[in-house]
Amino acid sequence: MNIPKITKILDIQNEAKNVKTITFKYPNKSKPGQFFMIWIPGVDEIPMSVSYLDKDIKEITFKKIGDATSALYKLKKGDRIGVRGPYGNGFQPKGKQVLFVGGGTGIATIAPAVEHTVKNKNKATVIIGAKTKDELFFEDRLKKCGAKILVSTDDGSKGFKGFVTDLAQDILKKENIDSIMTCGPEQMMKTLLTYSNNIYFQASLERYMKCALGICGQCCIGEGLRVCMDGPIFDGETLKNVTDFGVYRRDSAGRKVRF
Amino acid sequence: MVLLAEINTKVGSLPLKKPTMLASGIMDEDAGSMKRIIKCGAGAIVTKSIGLKPREGYPNPTLIELEYGILNAMGLPNPGIDNFGEEILKLKKSKTPIIGSIYGANSKEFIKLSQKMEDYGASAIELNLSCPHAKKYGLEVGSDPKLIKIITSSVKVNVNIPVFVKLSPNVTNISKLAKAAESGNADAIIAINTVKAMKIDLDLRRPILSNKIGGYSGQAIKPIGIRCIYEIAEHVNIPIIGVGGILTGEDAIEYMMAGASAVQIGVGIYYRELDIFNKINKEIEQWMDKHSYKKLSEIIGAAHL
Amino acid sequence: MVLLAEINTKVGSLPLKKPTMLASGIMDEDAGSMKRIIKCGAGAIVTKSIGLKPREGYPNPTLIELEYGILNAMGLPNPGIDNFGEEILKLKKSKTPIIGSIYGANSKEFIKLSQKMEDYGASAIELNLSCPHAKKYGLEVGSDPKLIKIITSSVKVNVNIPVFVKLSPNVTNISKLAKAAESGNADAIIAINTVKAMKIDLDLRRPILSNKIGGYSGQAIKPIGIRCIYEIAEHVNIPIIGVGGILTGEDAIEYMMAGASAVQIGVGIYYRELDIFNKINKEIEQWMDKHSYKKLSEIIGAAHL
Amino acid sequence: MNIPKITKILDIQNEAKNVKTITFKYPNKSKPGQFFMIWIPGVDEIPMSVSYLDKDIKEITFKKIGDATSALYKLKKGDRIGVRGPYGNGFQPKGKQVLFVGGGTGIATIAPAVEHTVKNKNKATVIIGAKTKDELFFEDRLKKCGAKILVSTDDGSKGFKGFVTDLAQDILKKENIDSIMTCGPEQMMKTLLTYSNNIYFQASLERYMKCALGICGQCCIGEGLRVCMDGPIFDGETLKNVTDFGVYRRDSAGRKVRF
């Protein structure tokens, strides 16, 4: 059976403007980069990356953007949600020195991978990018784990002013990076891929998901790559052959929507 | 070992190199997915059921895995026929037949949709008269023999490619409906669509699917599908395509013995990976070799005594 | 640990100490078997479906186990109503309600049979309008709302005990049939009987059951049963008894949340021994305790939002 | 799944008048006293005790009495039958010295238990009873295994003349029997039970069978004892409380038929 397991919200944290973290009990092995389907009964069921994982406890960190995330945003400690998963493949950085680039809520997806990298005695450099200061989160958390943190904001309200990709390009020149792991807006990731040269590259993609089990085809990119199952993380080699990468996604009806 | 059996088949005038087709609604909303399934050995592809207008489908949860099958109520999400042209056009060079599945509320809609599918280059049309959970479009049309006959015959006179009719098991008498399709000049019958079913969450005391009722597919429904094919085969003289819970070569052979000229595979891709088409094709060949069959025609309908 | 939840229930005017009843056709052709099931904790017993004349049923094979359920076509074997009296009479002292299941071809037969059942001391009548594989007696009467109404109402005016109507899932619209039974003054609806299905032997190229088509029960059909109960509950105001694939306490609770006031257990005895009644009763109590329910009435129909 | 497995007839032996043994491949663990459901396609499926067992090969021995057994009787080497099982509990004699009493085709059911007893270094005395000489079988086979064989015929055409039960009573007086294992006409077995005193007693019963899986209730005796599942072998203590034992069986419709 693969149905939502009902669990109570143990804790809720405000992370940034319109961004919250929800903590719940969900004993299950998960890997950084995997995601859950989160059921908000009566509203919707949506994909959410695991933003913190422990044997029994899991967290998701999300931004309020529409119906489902707004309903989730309103929930209180003790309220119940349904969780199924984890789904997808997870990050697999190569080498000793890893560059993480998180744009927007993408940092939520990346955070556990950063911690995992440091724990495994590898070096992690993290670029957190956001439009503005108020939308930044996880800086402290990731500093604490021992990663090197760089911040960029589009408006320069904190850290580097400009595109996160420019900052990344800079780092790539200066440091001896073995892999790049990224999650964020797809055009950002696509730009990053062009900057990556021969460095091992993995990007976590977001597509409209329905089944999350690789059946319905809703989330497919390229030649039938299922983001829910063959992804959500794809390497650079694969993405170079995916003509839709950074170009369009599909909405709930399967119509193309340009980025 | 060289496999000696030949597993090519045909559905009316449509020849298939392999008897395993992709069922409608599974990994078939865009050209890329369909290409991948073709590479996995499918003998034909049936597209997602397409309607006149784009349709978002129901909110999630739309699909869950039960103990012995899959329950879904997608709500016929699809980009609409006008957006779908480019997907089929991209497959033009493929030698594998692409069958355009369509749904509508009346003959007029079905005619328009099938003409467009024909224009795009589809090898055949599959009329989905059997969605168990889409109001107006599914069983409302698919359980009335008169409507089935009218829709089928009006599509038939408007296109030149074969027209298949997909039936629902959620009816009192499926062979009556098959006969109606036959009398409307359908080129083949496809059965079965999913079985109406439900799963309730005990903690939240509510059906899990947002549409509450869904359609049941996978292993659990195979005996129901076999029965439907057998019943239909006793009543019509046109080819039948079997679908419902096919996971192995033996499942496919059971359907063929019941009367199916070819089979479709849906959620089998979940249980045995996308490569299930190659796997089943090979299993059929091996089974035939072991049991000294040379051609599928020796198997199709064999269980009718 | 003392279990706090109370699992008594009632079906209309018929009170049940336990919500788990024995389904018709399973270990209920003679008084001895029914006594044994009573000892195993069943809240009520439904007898095998009895007709006017003795009936041998179909030749074997009549029952096989499939991957996810049981397939049978017994063909309504039974000793006939006149021979059956002594079996019920032997159970007279039992405090557990005995519900007499009967089948017939028309109202006259049903009236005669139910009067005899009442005379023998049955606590209620179950009209089997749903056998999927007995020609003349099953779906021929059980898929026509008019016949259902006529048969139900004519039995109702001729007996003083409650009259339940057992429906088939092999129909286009089960709630229509339930409404017909309600309008014939049925005291409760029972659903579901088995689902029409088939298994073919590949070596011998023939259906295994001698009747070819059989009825599917067990785990695989539970989602279909849940859906039927849910649909029926949305359309009628009389109690419903749920049956089909109940193997655990949670299965029973799912049926109750869908709208069942009590449940029946058939082939569950194969998967969890005859003692399944005690096991499920206990599992229901434990689940209720864990989730702080005190009475079944808090659960029955809870999934209707 | 519990469906007939199709197997080819490897060999056929004539045993006595209208009695044949059929040998077939059926790799499966079986115990003496268990039975199979034998499917004769297009005709019927009937219960048959295993009359010989080996890891891969099994045999049944049957008398032609009606439709199904006649069809079975006509089959040739190479023909196919369906087999499912084994079903039921099997004989479990106690002690060192066992008396076996087989009436009619009952000896087919008993034979493997005799051989098993001898193989386990216990002593077996076997009484084979039949109406007349032509109907006797398995005498040589059981002699060969080392059991002591006594024969009785109703007409005295061979061995003791009279009822097998009388001969048994005689043995029970003379020998120090620890258990009695029997299969044959039910009234014979019932008489034997009254002769058994406190000696451990097991009888193999035959009832009309449909499912053989303990579901349909067709084969029940006493208070819901399923011959297919709780039996076919019951001990004396149990049978003393079964009022139908030796009195009636039920036909295919469930009607009582007196013996």
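In order of appearance the chains are A, B, C and D, and numbering begins at 1 in each one.
What we mean here is this: contacts are C-beta pairs under 8 Å (C-beta built on N, C-alpha and C of every residue); 3 or more make two chains touch, one makes a residue touch a chain.
Everything quoted here is computed from the prediction, not taken from an experiment.
Chemist: Not counting chain B, which chains belong to the same connected group?
Modeler: Minus chain B, contact groups: A | C, D.
Chemist: Show me the overlap between the contact partners of chain B and those of chain D.
Modeler: Where chain B and chain D share a partner, that partner set is C.
Chemist: From the centre of chain A, which chain's CA centre is farthest?
Modeler: Using the mean of the C-alpha atoms as each chain's centre, the farthest one from chain A is D.
Chemist: So what's the Cα centroid distance for chain A and chain C, whole Å?
Modeler: 51
Chemist: Need the CA-centroid distance for the pair chain A / chain B, whole Å please.
Modeler: Averaging C-alpha atoms per chain gives centres 36 Å apart.
Chemist: At what distance in angstrom does the C-alpha mean of chain D lie from that of chain A?
Modeler: It comes to 70 Å between the two C-alpha centres.
Chemist: Among the residues of chain A, pick out those that touch two or more other chains and give their numbers.
Modeler: 42
Chemist: Please output the residue numbers of chain B that touch at least 2 other chains, ranges allowed.
Modeler: 66-67, 199, 203, 206, 305
Chemist: Touch graph across the chains, line, ring, star, complete or other?
Modeler: Line.
Chemist: If two chains touch, include that pair; go through all of them.
Modeler: Inter-chain contacts occur between A-B, B-C, C-D.
Chemist: State the interface residues of chain D toward chain C in the complex, per the touch definition above.
Modeler: Touch list, chain D to chain C: 1-4, 6, 37, 39, 41-46, 80, 82, 84, 209-211, 213-218, 220-226, 250-256.
Chemist: Going by the contact rule at the top, pick out the chain B residues touching chain A in the complex.
Modeler: Checking each residue of chain B against chain A gives 25-30, 32-37, 48, 54-57, 59-67, 70, 72, 74, 77-80, 83, 199, 201, 203-204, 206, 208, 210, 266-267, 269-270, 274.
Chemist: Okay, in this complex, where on chain B does chain C touch?
Modeler: 66-69, 71, 139, 143, 170-172, 195-200, 202-203, 205-207, 212-213, 216, 219-221, 223-224, 226-227, 230-231, 250, 253-254, 257-258, 287, 291, 302-303, 305
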